[in-house]
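Below are structures written as structure tokens.
Heads up, the next two complexes both have chain A, just with different partners, chain B and then chain C.
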Partner chain A sequence: MKQLTELATPFASVDTTLGNDVQWLKAQRLKALAVFNKQGLPSKKEEDWKYTSLWELSQQEFTHQASESTITAEQVEQAALLGDSYRLVIADGIFSAELSNLTNLPEGLFICPLSSEQGLAKAQPHLGQQVELAKAGFNALNMLLMNDGYMIAVKAEAQIDKPIEVLVINSGATQHLATHLRNVVVMEENCKATLIEHYVGLSDAVSLTNVITEVVLSSDAELNHYKLQQESPNAFHIATLSANQGRGSQWNTSSIALGAKLARTDVQSKLVGQESHTTMDGLYIVTGEQHVDHHTRIDHTVPNTTSEELYKGVLDEQSHAVFNGKVIVHKDAQKTDANQQNHNLLLSRGCEIDTKPEMEIYADDVKSAHGSTVGQINEDNLFFLRARGLDEVTARSLLTYAFAVDVLERISSATIREALSAQVEKHLPKGGKVL
Partner chain B sequence: MLEIKNLHASVDGKEILKGINLTINAGEVHAIMGPNGAGKSTLSNVLAGRDGYEITQGEVLYKNEDLLALAAEERAQRGVFLAFQYPVEIPGVSNIYLLKAALNAVRKYQGLDDLDAIDFLTLVRSKLELVKMDEQFLHRGVNEGFSGGEKKRNEILQMALLEPSLAILDETDSGLDIDALRTVSDGVNALRSADRSIVMITHYQRLLDYIVPDFVHVLSNGQIVKSGDKELAKELEKTGYSWVNEEA
Partner chain C sequence: MAEQQAEKEQIDDVLAGDYQAGFVTDIEVDSLPPGLTEDTVREISRIKGEPEFLLEWRLQAYRHWLTLETPEWAHVHYPEVDYQAISYYSAPKKKTDGPKSLDEVDPELLKTYEKLGVPLDERARLAGVAVDAVFDSVSVANTFQDKLAEEGILFMPFSKAVHEHPELIKKYLGSVVSYKDNFYAALNSALFSDGSFVYIPKGKRCPMELSTYFRINAANTGQFERTLIIADDDAYVSYLEGCTAPMRDDNQLHAAVVELVAHDRAEIKYSTVQNWYPGDENGKGGIFNFVTKRAACRGESSKVSWTQVETGSAVTWKYPSVILQGDNSIGEFYSVAVTNNLQQADTGTKMIHLGKNTSSTIISKGISAGRSENSYRGLVRIGPNAENARNHTECDSLLMGDQCGAHTFPYIEVKNPTAQVEHEASTSKISEDQLFYCKQRGMDVEDAVSMIVNGFCKDVMRQLPMEFAVEAQNLLGLSLEGSVG
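So, the complex of A and B:
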């Protein structure tokens, strides 16, 4: 067991790391090593990490070597969000063919683990194109230590009939397991797919998930891309979702963060083709001493692009949430239409929210709006529900759900919306069954 | 049904109700009228159990039970219904969900099972007719984007569904045009029955042309200063409330 900084040096000795014999990856890793040796883990002095302390994470010792995963098919069925889906399972850090359901893939859909030769080869042209190694954070560490992940490619014109669920499941059998995943999605012209990344902890073990997903959307491609984070209450979860969007493409994301002790998710999209659109939504519900941080960034780089962003948060007890949303309208990006909102509901006096919506606009013909609010349960609404016979806990849960529900309502697939709603309900105050 | 005895209540140390005495029997309709600041809303809020009021003296018995010892939801479950002066909007909670949750809360107290979806919908549809509301209102957020009249009709819809023993209508006529007033009044009148008591709290006599009370009380400066039948309301309409303050 080693601390993260020790784990990274020298990476070559970590034998579970994939692709040790692949030259291009080795070269990338040498660069990453140099960067990581210089930077280390980000500190609160960095603007992007001002409100999120990694001190506790830095003191933990981790191992990469999961003992053989004991996760059963039954546990996977229980943990999975969707019953009917194409499912790729990463169990205790490693792809499991037995637990996955990748038979009978439809024409035009390619899914395979990054740890396969084919997966790595397909990922190569895209891997690392969107996330800078030098950016303070976990990019260099991820490049150094990535040990699995997924590669998804959708062929031009293909309309994938069922959603794809990538289930990253940690049994906790190996204490202090660190899982470094790297994912690539390539959407060719005018294709459409729905993908959910689902992170689940089955125990209360300490663990680390460090994941980067890079998405490439060609012209008119549409990807509905959701992320559900339900890690163990002692887990550290660090994730980046990044997309590069061609003409007329749509990337609709929603990041639902319910678990983990500390979770940091960066979501970024670059609109590089005209008429492209990003929906970047999120919902975080935290309690106890949970810490959740979302940093988002949307770059409008060309004319006639649109973005819609809605992040909502519910905080209870001593929890702490951070939202930092950046929308950048570049010089030539005329006729951009951008809307960004962050709203927070505080259920107790002990919680803390740091919210910072930012817009930088360098074009002059732009429609944009942004705002953030922090509020509490409305006492008049609470009294109304109680005067209709609902007990106080149920009434509070219902009002909390009502606050959060529009993020869920913006999810276009009814199956996924209902499945996510059911998970969200479990995290309402006192877990009250509401609907 | 309801016995209010020497009720004193304060808000932030300021006494608003200064000794209310009132007995309401089953099947009766009482109107409580009074000028602004008389304590009308305080009385309805105290009866419904809103937080923030301190009862300094007196008691309220509802079906011979100490009403003031019960939480707001316990009162509702036992059949006390407050129709709000300003119904709140709750986007994200559908009207039909609210109706179902409220009805099931009452049924649970009565030891009954939840109604199944089909029976529930049949029941709700019959009540919608009573207040002339379209079924689409069921699927909108509670009062979300409703007009003033629609909000008040929605209150009466809830009342019709919950079939309370004691309904307190707080300024139900405020903000209603004449057509909406008629619809709401028809709804309330249809709910008059020998085992249900209704208390109407209102500033204006107008409502009493549509819902004719058995008794009229004048509330002023935290006390009931005069009681009578519906003729008292007409007198008030003519003379206004100025004499009340002089007498009190």
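So, the complex of A and C:
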């Protein structure tokens, strides 16, 4: 038995609100239902879920009916990462026009919720293209129950001036709320945009967010795509970001995971056009009994593509982090240049890291390297700072910050970099302990 | 372009070279008919006149094996093995009660060793090597027994040790690799034919390199070796294992189990050169090599070092591991794995850190050519009580040609915050520049490639004992000569 099939929540019989009268969606959902009924959710016996147990999740009774959202504009303003942005707000699982700021969109930028007729129609050709329905059970579940999300399209040659912030905010007013979101980003030729997906929990309520973002990058398109996860300390967060990259395109991602009780993020890129590039970065900072899992996969399918990956983790208290990075250089993908790094800082007794940087290489003329380390604060560095008059706590905090900030420094937009740095700094364990 | 073409032809010529150790010795063989039932297990035990406890253990293993499924997680593909079509025992026919000296050994057998270069007779003494030569399943000759006996060192066929030292067998057999460990370990535990047994008593340093050659000879017999090496407190031993097998068409199964136990301050160095028949250039034939090798560093400051040069077999599935139980114990793994044509190798190590201040080093060099697949799969686990554990891992792959694959699957699991673990891996090919440089100085392509590959593997090769280093370098050259263009 490889799956968890006995789920406390009867997902298969939940009524959906989105697109119940849309024929093509109904057909896809039927297919998804069959897959989900067969698969359930993955158990630890599946290689991809070896270190992450969904047992607790499977025992939760989630509801798919949110009571009316009480989230105020003020709360949104406070939670939002960026002041000046195009903002799409999904409050307690449903798009909120009042809380969003989608007026005065520049020419070439289309943003609308998936729950709108226009959004769904525009998303149709792209749904399910970048993710495998049969994978992990969550993809099928998402297709089956998706009730909102966003659809972003950027026209050819458009250079979007301001970043787009998608704020998914959960007030906690409804206990055990499950939200299934599906997002689509379509970047036409030679356009450029910056997008941040921001998941926030305002209380400590139990919740489930199951989100899939599918990205299509045409030739020479460039998307800076960030994700900041600050869900409630009792939340379950399951996310997939998956992109298909055309010739000369660039997809720069950074996944910052700070919240949630259990967070699993899959980031995947398929480089199908020559001279395309992926940056796949991530930072996870966990404490208490948090569990965070990142699975990344980069497929170099054609010659002359490059990828650069840096994931860093700071683990405190009884937390558990998992990293699995896969770089696949397909046959004939000559002149690939792939670099993957994963570094982890352990601050406390009781924490656990399981890391697995994988490479599969089927071409000979490639430059490919990976590295992975697990360690603690360097005593020499600490001594250096102490000798200059810093107290132990300040010195340790500074070194922890220095370790983590590497990832943020690779973010090109200064506004986003600074905003994320501020969040990370707030979240970092202070002082640390002498082991 | 023309030059490249010429080089390619040259490569093809070399790659088409025949397997040099491929010959079949024609001697009479005592075999069990093909098939596997509980009776097969009982029969093997009966032939070997084993004590009751061992039969019982075999049967437990067999019953457990029946409940297991063939593991499929490795990055290898091969036709399903029909366990009922294999004969599980074959022994060279005995003249009366077996040979008492070299003169009594079947001359055909001696010729085989000669062809393989085993220094069994006079040359053995000159080379200073004690050979416990395993011909198919039964050990036929031991040398240097007296000298070793003087030191109190036990080095004998497993089947002999069962009778002479049952207390040691009882104590240690299955203590590192339980019959429940995995599919092939269970199979081996039920059916093992013979192997080597080594015991180094307290404070003794084995005065010579212990060496054994394994050969698979009779057609369609699986070979299930069982090796057990125990180094008591402050003891030291270096053990060499080398393999070649004759050419044939049917895939042959080899599922060996090697158990090493190192007590306080003891050190075991285990070196392997594996050159079994890899199959022809179309992937026909070749050995399936599914081996479980594991060492337990039981005592404090003990050390186990695995060194392997893997050039043979059609499919290799092998992860020599070290369990670092004793405080300050050390585990090392040095590996060169070469795959060519349609060979597949999924090999690596496991370092399980349990004791304090334990350290491990992993150096793995994979070379893929032809249409082969070469994977490194390793695990470094730091337990919650392994204070100040250290691990350093380096995995480098060299690809020759655009039809082969090189893969890395390292698992790192850390549960102690004082641990320091580093893993690095890289992939490269022999660059045009390197080749050009060598050719410009008058070397031909083959010598240049051989030199570059030997340089690539140097870190591992220098861990091999002298006796093996030469053979290993020859093998490397043979397996790869000119496979780059």
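Note that the second predicted complex is superposed on the first by the 413 of 435 C-alpha atoms of A that agree within 3 Å, B and C clash if a C-alpha of one lies under 4 Å from a C-alpha of the other, contacts with A are read in each partner's own complex, and residues count from 1 in each chain.
We take it that contacts are C-beta pairs under 8 Å (C-beta built on N, C-alpha and C of every residue); 3 or more make two chains touch, one makes a residue touch a chain.
Only a predicted model underlies this, so the values are computations on that prediction, with no experimental measurement involved.
Novice: Quick check on the superposition: with chain A as the shared anchor, is it clash or fit for chain B versus chain C?
Specialist: Fit: chain B and chain C sit side by side once superposed on chain A.
Novice: In the overlaid three-chain picture, which partner chain does A:Ser372 touch, first (chain B) or second (chain C), both, or neither?
Specialist: second
Novice: Does chain A have more residues touched by chain B or by chain C?
Specialist: C
Novice: Looking at the overlay, what does A:Trp24 touch: chain B (first), chain C (second), both, or neither?
Specialist: It touches nothing on chain B or chain C.
Novice: Touch test for A:Leu398: chain B only (first), chain C only (second), both, or neither?
Specialist: Touch status of A:Leu398: first partner only.
Novice: Considering only the touch criterion stated at the top, classify A:Asp380 as touching first (chain B), second (chain C), both, or neither.
Specialist: First partner only, chain B.
Novice: By the touch definition at the top of the document, which applies to A:Ala363: first (chain B), second (chain C), both, or neither?
Specialist: After superposing on A, A:Ala363 lies in contact with chain C but is clear of chain B.
Novice: Tell me which partner A:Cys351 touches in the superposition: chain B (first), chain C (second), both or neither.
Specialist: After superposing on A, A:Cys351 lies in contact with chain C but is clear of chain B.
Novice: Can you work out, in whole Å, how close the C-alpha atoms of chain B and chain C get once everything is superposed?
Specialist: 16 Å.
Novice: Share the list of chain A residues that count as touching for chain B in one structure and for chain C in the other.
Specialist: 435
Novice: For the complex, which residues does chain C have touching chain A?
Specialist: Contact set of chain C toward chain A: 73, 382, 384, 397, 399-429.
Novice: Contact residues on chain A for chain B in the complex?
Specialist: Residues of chain A touching chain B: 378-381, 383-392, 394-395, 398-399, 401-406, 435.
Novice: For a test of understanding, state which residues of chain A touch chain C in their complex under the given definition.
Specialist: The touching residues are 47, 51, 315, 331-332, 334, 344, 346-376, 435.
Novice: Note which residues of chain B are touching chain A in the complex, please.
Specialist: Within the complex, chain B contacts chain A at residues 48-51, 71-73, 75-77, 81-82, 84, 87-88, 90-93, 97-98, 101-102, 105-106, 109, 141, 158, 162.
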